[in-house]
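Just below sit the structures, each encoded as structure tokens.
Both complexes shown next keep subunit A, but they swap its partner, so subunit B is in the first and subunit C is in the second.
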Partner chain A sequence: MELLDWSLISSTIRMVTPILLAALGGALCARVGIFNVGLEGLVLVGAFSAIVGNHFTGSLFLAILFAALVCVLFSLLFAYMTIGLRANEIVVGVAINFLALGLTTFALRAIFGVKGAFYDKEMAGLPKLDIPVIKDIPVLGDIFSGHSPLVYLAFIAAIVLYLFFYRTVTGFRVLAVGLSPVAARSLGLKVTGLQVLAITMCGILCGVAGAQLSLGQVTMFTEGMTAGRGFIALVAMMMGQSHPLGILASSFLFGLMDALSIRLQGLSLPTQFTSMLPYVLTIIAMFFVKEKSQAGGRGQSSR
Partner chain B sequence: MAAIRELCKSLVQPILAVMIGLLTGAIVIAAVGESVIGTYQEMWKGAFGSFYFFTSTLARATPIMLIALGLALAFRAGVFNLGAEGQMVLGAISATLVAIYLPAPGIVKMLAGLMVGIAVGGLWSLLAGFMEARFRIPLLISTLLFNYIAVLFASYLVTEPFQDRTGSAALAQTLMLDKSAWLPKLFSGMSVHAGFFFAIAAALLLFWVIRFTPFGYEVKMLGQNPLFARYGGINQIKVMLTGMFASGGLAGLAGTVEVFGSHYRFVDGALTVPNFAWTGMMATLLANSHPIGIVFTSILLAAFQTGAMGVERNTEVPLELASVIQAVLILFISAKFSYDWWKKRKAKGGESHGAA
Partner chain C sequence: MTHRLEMKQMTKKYGEFTANDQVSLTLEAGEVHAIVGENGAGKTTLMRMLYGMEQPTAGEILLNGKPVSFRGPNDAIRNGIGMVHQHFMLFGEFSVAENIVIGYEPKQAGFFRRKEAVEKVSALSEQYRIPINPQARVSTCSVGEQQRVEILKVLYQGADIIVLDEPTAVLTPLEVKDLLQTIRNLAASGKSVILITHKLQEVMEVSDRITVLRGGRVTGTVSRHETNVDDLARLMVGRELEELSQRIPLEGKRLLHVDQVTVREKQTLLDNVSFAVHHGEIVGIAGVSGNGQSELLQVISGLRPVQAGKIHLAGADVTNKSVESIRQAGLAHIPEDRYMWGTAKQESVEENALMGYQRKPDYYRRGVILRDAFRQVVRGWVDRFAIKTGSRQLQELAGNLSGGNLQKLIVARELGQETPLLVAAEPTRGVDIGAMEYIHQALIEKRNSGDGILLVSSELSEILALSDRILVMYKGRIAGELARSEATEEKISVLMAGGNVHGSDQRAV
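Coming up: the complex of A and B.
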């Protein structure tokens, strides 16, 4: 088996998608000065509600919409606790993660009457999109064609978010809130409103990330199926310094390592070392990426 | 007297939060179509129903308490250590290997194991602290990443070089510890072990350190007002590093006593699946980092978990009932806590709304 070939890039793109979407959501929160540890839980809720939506409506579009909606509800809870009641955001994030794990497992039992995992072979997953011209070009076709629509959406979202931050008035305002809430407020900006807006958008992105996880990569839900991806997204967000294109790059690194680690398992390396690779590389990368540690520093100082 | 009043004050909120948590739990139970009262009865029985279950709850509380105490010190210094899981696992595996392969009498093995567990957990945590101090790599990221590395490394150790190959089934676990190196049980046939005493002792020690030593004062000052602390000549990095070592060491001890007192071997996943680390963090937050309060909140959270196990054994309600109740509890307590703080703030003058 070859170690590096073009299908590796293709599987990387698939792996990247949920991480990228969640990390972009996290970046939105970070940009308004909120460190959202609850990404893991939000993605899990998204994954579950996507399956629920698909099961009951039979429409993939409605399923994704439902996932986004439920995640928005959860993020509004997060927003209410952190902004409305001024609770510590890390505490609330941790609680959201527990709540998501507990409620999805509970609801799995209550709605589908199963334990551990729900799988329905009648259920349709997200279709693979073949892009007309590109799919016939040898290498590019292998890489870029044949992914689920959400994969393309994720990359578009990164670009849109970049344009939003740096090319729109609302985006500038969001950045201003993150830089100095007091100054932003004195300029007459609706700080709270912008923060809630950012958290809501984060919820939508996490919902879509979850839908890609449960409907795009596989067509099933298993308890705790996010398996730390939300935390990886958090790290990708911090590595990318909450900059959409930076996040694109750092998520890609994680996706590549993820894909590579699966590939390396064929080489009789212990699987633990291959799974460890992304984390080790991230730490090494952190020595070179000198950042002002915007989100990290803030998180630490707040107790 | 003041200490008692402070303790009571730190207990009022958790009790209120527990009520709300149980109420939410009741709604969820009703949603699955089970009897609320019956389920809670099972939960009570599972946690405190008999002396045996009560001691199981205490055994469960032991690692949670130790982790929580370590985190309390770090949080008080304003240091956010999210790496308790990795510190616990790495401490536990090192301690186990030392206790298995050290050629010495049982008691020496046990003591050496405990020391190594603390040292390795502490050093692993210190490494993250060092990286923050020297290379400005944020603790929040490094401690989180270190978890994965430590857990995967320990998993490698027990599936490859140090795997128990004596049995017919190749499970990911080490050899059994020598019986002489086991932590004694407090009551024969019950699951609570001597590690529980360590946890209580650690709580008292931490209480003493925070309240009566210069170091405790430095920690407090740093946590409450870093600028003032720096002005007062406190070496911020030294306090941070000490806090990291202590919290990591206690997490390492938590993993070690769990192995030496309950499993008697390191089993892959046995320390991570019960979510000791995050539960410990919740116990700290619930008790508002008060060492004595932590003793109670740890037992409480452990009781929810052992109780939920009882519920799962005897009813159709899944184990995750505990997660839901815990999450609601922590949400409520965090809001309540800061609501007070906000009221105080408002009373002071009410300016600077946005400054967090």
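Coming up: the complex of A and C.
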């Protein structure tokens, strides 16, 4: 088995999806001035509810919708605690993560009566979309065609978010809230409303990210199956400076590492070693992540 | 006859405390109405009620004869009242045009039409002759430009009444001139301007009528032609201002010696700066801010290393020594930015006062700070400088004190060190006339007792009132030196702008 070939890129695109979606959600929160550490938990909840939705409705569309809905509820809890009760967002985020881990494990037993993992061979995973024309082009077809719809949705989401931030009035105001809540409030902008809006949108994105994990890549749920992808999304978000296109690039890097670690297992390297790859990259990435707030926008403090 | 704005018998109480007591005010179209008063006189409270940020306890606001009540800034803005806050409400990362139109963006189907925004802003800028570059990033704009952005923003929002809260506090003398011209232009085009300030010179230059507040009450509403600076000061303070103490002629020994100091970062910030401060002397440093004064202070007080040159304090070499050892060698420092260098906002008044005293043998024994002993000292300062600490007294958070009161606390703390050298940067920034008088008096007394003071101030009047010698900084160099007897505002201004003054030789110590 070769280390590098075209299918590596194809699997990168698959692996990048949950990270990208969650990172975009995190960016929305970051842009309104809230550092959402709870991405990991939200994605996990999304992954579990997607399976639940699929199991009980039998419809993939409803399953994804259900996952998004449950995640929105979770993120509203986050919003209520951080904005409503003014609790520290890091603490609330960590709490959300543990709550998600415990609750999904508990619900796994309560709903499906199993421990560790739930798998049902009757259950259908997300279909593979073949894109006409492109699928017939030799290399491009292998890379870009035949992914689950959510993969394409993730890339569209990045572009939509870019347009939202930099082309629409609401997006402009969202950015304003993050840059200076005090100034935004003095202008009569609805700061709280915009923050809740961003957190809700983050919930939707995390729900879809979870659905891709449990229905797109595999068709099962295992306890803690996010395995730190929410945290990697957080790093991808910071590396991408909360800019949708920057995040697209940084998520790709992490997706590549994810895909590479699986590929390396095929080369009889120990699993424990290869699965370190994304995290090693995370640590390296931290050296290059600069706190953006210190870089610019300090003009008005020059009194 | 109806006024454009009438505030009738406005009263605002916070619990027992009455911030505004039956304050009445009228404003006509095309009028510039100044509201002056010391810190805590109730100017800000009055304006917050007008702007809907506070609800009055009693009183009535009439707009063009109709009673109105505002529940928030939005209501006020909709009714044509705009406020330019003392601390700008701008987004540094956004462009000038974006900052102006925000909240009322030109749009189409939810999409932000930035081109249209730029066009509208350009048109507005020409209409009111307020020059700006709509596409510049605000963080790259000077403070004066940022203020013009704020003024254009309220005009864009359709304000007929523009409230300017301490607008000149942050500006250079040249920018102040431009601003006063802008205010006159606005009034000439029919806008009404409320100018909140405690700088009486500017008030006399630009306003039509003046309302003076003291302790929450109106002590007088006068027309500019019937008054002068002294009368206004008397109305503000409630008594005659006292003359500063005579300065005793003193010939002291050299105390601070800055010798060919150079600081280089990306560019040269201090270029071969040499001067001395003697015992019994106040040396004033004037200059447009950003010409090396901040760096010079930081170098002397040990906050920034020098790349070349020597600094001697009371005979000891203190070049690149730690702040603590320089302070021990005999330096106290009133820093220029009270929030960044001077205080910890999240700590109490007492803890802030303690800073720098924690190792003095009087208040420190075997690793324990003797708080009770120190508390007496702080109480003394609070009484002497009339520091308003709020309901929790010494335990009040420093951040809850008004800027002027915090400044007084810092001045008291640094004077209390009784060091031979005091470095005083903007010692009266944001404090009212009464406190300014007190601080100036304290500095003169310190000088008369034989100590040296290095004074940096952007207020030329302060430099001229206090200094024995005046150095002017321009682009990191000492551009000129003037003795007290020969110094005038004109000569200093010329040097500040990089010009040359005849008769001033460039003495280097």
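Here is the rule we use: the second predicted complex is superposed on the first by the 266 of 303 C-alpha atoms of A that agree within 3 Å, B and C clash if a C-alpha of one lies under 4 Å from a C-alpha of the other, contacts with A are read in each partner's own complex, and residues count from 1 in each chain.
Here is the rule we go by: contacts are C-beta pairs under 8 Å (C-beta built on N, C-alpha and C of every residue); 3 or more make two chains touch, one makes a residue touch a chain.
This one's a predicted model, so the numbers in the text were calculated from it and none came from an experiment.
Of the two partner chains placed by the overlay, neither subunit B nor subunit C lies in contact with A:Phe61.
Of the two partner chains, subunit C is the only one that A:Phe172 touches; subunit B does not reach it. More residues of subunit A lie in touch with B than with the remaining chain of the pair subunit B and subunit C.
In the overlay built on the shared chain, the residue A:Leu99 is in contact with subunit B alone; subunit C does not reach it. Contacts of A:Trp6 after superposition: neither subunit B nor subunit C is touched. Once the two complexes are laid over each other on the shared chain, residue contacts for A:Val182 go to subunit B and to subunit C alike. When the shared chain is aligned, subunit B comes close enough to touch A:Met286, but subunit C does not. Across the two superposed structures, the residue set of subunit A contacted by subunit B and also by subunit C is 182, 296-297, 299-300, 302-303.
Put simply, subunit A touches subunit B in their complex at residues 33, 35, 77, 81, 85-88, 90-92, 94-99, 101-103, 105-106, 109-110, 115, 181-182, 184-185, 191, 228, 231, 234-235, 238-239, 270, 272-273, 275-276, 279-280, 282-283, 286-287, 290, 293, 295-297, 299-303. On subunit A, the positions that touch subunit C within their shared complex are 167-173, 175-176, 179-180, 182-183, 186-189, 296-300, 302-303. Taken in their complex, subunit B has these residues touching subunit A: 28, 31-33, 75, 78-80, 135-142, 144-146, 148-149, 152-153, 155-156, 159-160, 223, 226, 278, 281-282, 285, 316, 318-328, 330-331, 334-335, 337-339, 341-342, 352-356.
Those residues of subunit C that touch subunit A in the shared complex are 72-74, 77, 85, 87-94, 98, 102-103, 105, 107, 110-112, 138-141, 143, 146, 170, 337.
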